[in-house]
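Sending over a structure as structure tokens; questions will come in a sec.
Naming follows writing order (A, B, C and D), and every chain is counted from residue 1.
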Amino acid sequence: MTLNQTSVSLDDAQRVIAAGQAKAAEIESPSNIAVVDAGGNLVAHVRMDGAWIASIDISINKAFTARALDISTEDLAANAGPGDQFFGIHASNGGRIMSFTGGVPLRHNGQVIGAVGASGGTGEQDKAVAEAAAAAL
Amino acid sequence: MTLNQTSVSLDDAQRVIAAGQAKAAEIESPSNIAVVDAGGNLVAHVRMDGAWIASIDISINKAFTARALDISTEDLAANAGPGDQFFGIHASNGGRIMSFTGGVPLRHNGQVIGAVGASGGTGEQDKAVAEAAAAAL
Amino acid sequence: MTLNQTSVSLDDAQRVIAAGQAKAAEIESPSNIAVVDAGGNLVAHVRMDGAWIASIDISINKAFTARALDISTEDLAANAGPGDQFFGIHASNGGRIMSFTGGVPLRHNGQVIGAVGASGGTGEQDKAVAEAAAAAL
Amino acid sequence: MTLNQTSVSLDDAQRVIAAGQAKAAEIESPSNIAVVDAGGNLVAHVRMDGAWIASIDISINKAFTARALDISTEDLAANAGPGDQFFGIHASNGGRIMSFTGGVPLRHNGQVIGAVGASGGTGEQDKAVAEAAAAAL
């Protein structure tokens, strides 16, 4: 018996990103925002004017991480420090695991159907942007 | 003396991508479309529903190539076959050089200020999408 | 509406590097020194006689990091240790993020227009070389 | 019994690069020019204003290739096409083998002591720049 997988559409992704952009503008934290689908693959990305170049990769990979482990990157970070059970996980997956705040799974009827990643400011700012984005699903 | 470089904004990039999406829908070729800035760095990307996963990377790197060499990837391809002067260039830049049709420089007052890459169908389809996108700058 | 971005020229980069070399010679710390432009792309690099081979990559990527996040790598390091908000960021960007001293943004009229990275000695030595270099912009 | 290896100094590298720059300016082909030492490791690099971003990597790796195989990249190209004995060699060395014109070994008393790579124009232009550079050793 095959599996059925619900996943974000491009339309979903763009709505999510637009909500993230609005929050980023409000808190004055120019951001990169990315959405991946249920397969962990990029659906859409934007870099707001003035946002950091390094955050392109970071936003995409925060989203990847949040879907690839079905966990927010903040919760992952809490378990990935020295002495924690997942310390060292950032070395896996060819450098795609981001173990700091700003990646949030996108859930629909309790199922993870994708994820959003935000990068551009402090951990708190990125969290605010990613959560505002995710709330728009 | 510093250099002055004009570059695409996010607003430019999204207008360009929207035009590419419209063309892709018209010719029924679900595509990945990406825009990079004057520095070759990603500004925005979309994957239309049903578009190939491999085309995420290809669209981004077609755009990179078109800016990084200030040439359409179609024109590059014409000089990168066996016996041609640039044969082997695809091995450079960590696999980011795409030497087939679908990447087009974005020009403003004669200066390259970014590039767009499309991937999702045949070479002819990708070219049609990328050129429709570029025309919207 | 396009963006305007000022960036270092080769002339700027070579003046910056020469100043770094002079400081490195003075403190007897043979160094690699690199300058990237506003897009994070290499403009110029030198490896002084006797400087470490590993520092080629490190100097180039310290410069990349300082531009890609618009921060000195020393300030980044202060926020990237275990328990800090950016711990794990070194895994991003394909290994190009250097979170230790020696990368400094180059600013012109308050705007980051590139960055310089120095590698060859202790953190203090690299900092001295990078800061002397940056001061020559 | 240990080996003695003669290698280019930074001073040599910068003289070689300056000669390449002069030729590139003369033929109006803004170039990236790089020199590696006897170990194949980068000694110095410049990107002239307006030169292609993709040519950073290409110039450095043309120099690497010319030293790593002790052959000009033009001569390598002549043996690396489909059906030739070295066809496929560009897939080796992590993408660092450049099998097209513009990389030239630097010889001193018959021994290869480094190499120079130029990238920025046609194969003929890159060859002219690299050969003018090499002649200044």
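Note that in this section a contact is a pair of C-beta atoms (placed from the backbone, for glycine too) under 8 Å apart; a residue touches a chain by one contact, two chains touch by 3 or more.
Quick caveat: nothing in here was measured; it's all calculated off a predicted structure.
*Asks:* Name the chain whose C-alpha centroid is most distant from the C-alpha centroid of chain D.
*Replies:* In terms of C-alpha centroids, the chain at the greatest distance from chain D is A.
*Asks:* Could you tell me the distance, in whole angstrom, between the mean C-alpha positions of chain B and chain D?
*Replies:* Spacing between the chain centres: roughly 28 Å.
*Asks:* Averaging over Cα atoms per chain, report the distance between chain A and chain B in Å.
*Replies:* The mean C-alpha positions of chain A and chain B differ by 25 Å.
*Asks:* Could you list which residues of chain D touch at least two other chains?
*Replies:* In chain D, the residues touching two or more other chains are 49, 53.
*Asks:* Testing understanding: with touching defined as stated, what is the shape of the graph linking the protein chains, line, ring, star, complete or other?
*Replies:* other
*Asks:* Considering only the defined contacts, which chain D positions touch chain B in the complex?
*Replies:* That would be residues 49, 52-55, 57-58, 61, 77, 80-82, 90-91, 95, 97-101, 122-124 of chain D.
*Asks:* Using the touch definition up top, name the residues of chain B that touch chain D in the complex.
*Replies:* Residues 3, 39-40, 65, 67-70, 82-83, 85-97.
*Asks:* Using the touch definition from the top, list the residues of chain D that touch chain C in their complex.
*Replies:* My answer: residues 9-11, 13-14, 39, 41-49, 53, 56.
*Asks:* Please name which positions on chain C make contact with chain B in the complex.
*Replies:* Listed in rising order, the residues of chain C that touch chain B are 1-9, 11-12, 37-41, 108, 113.
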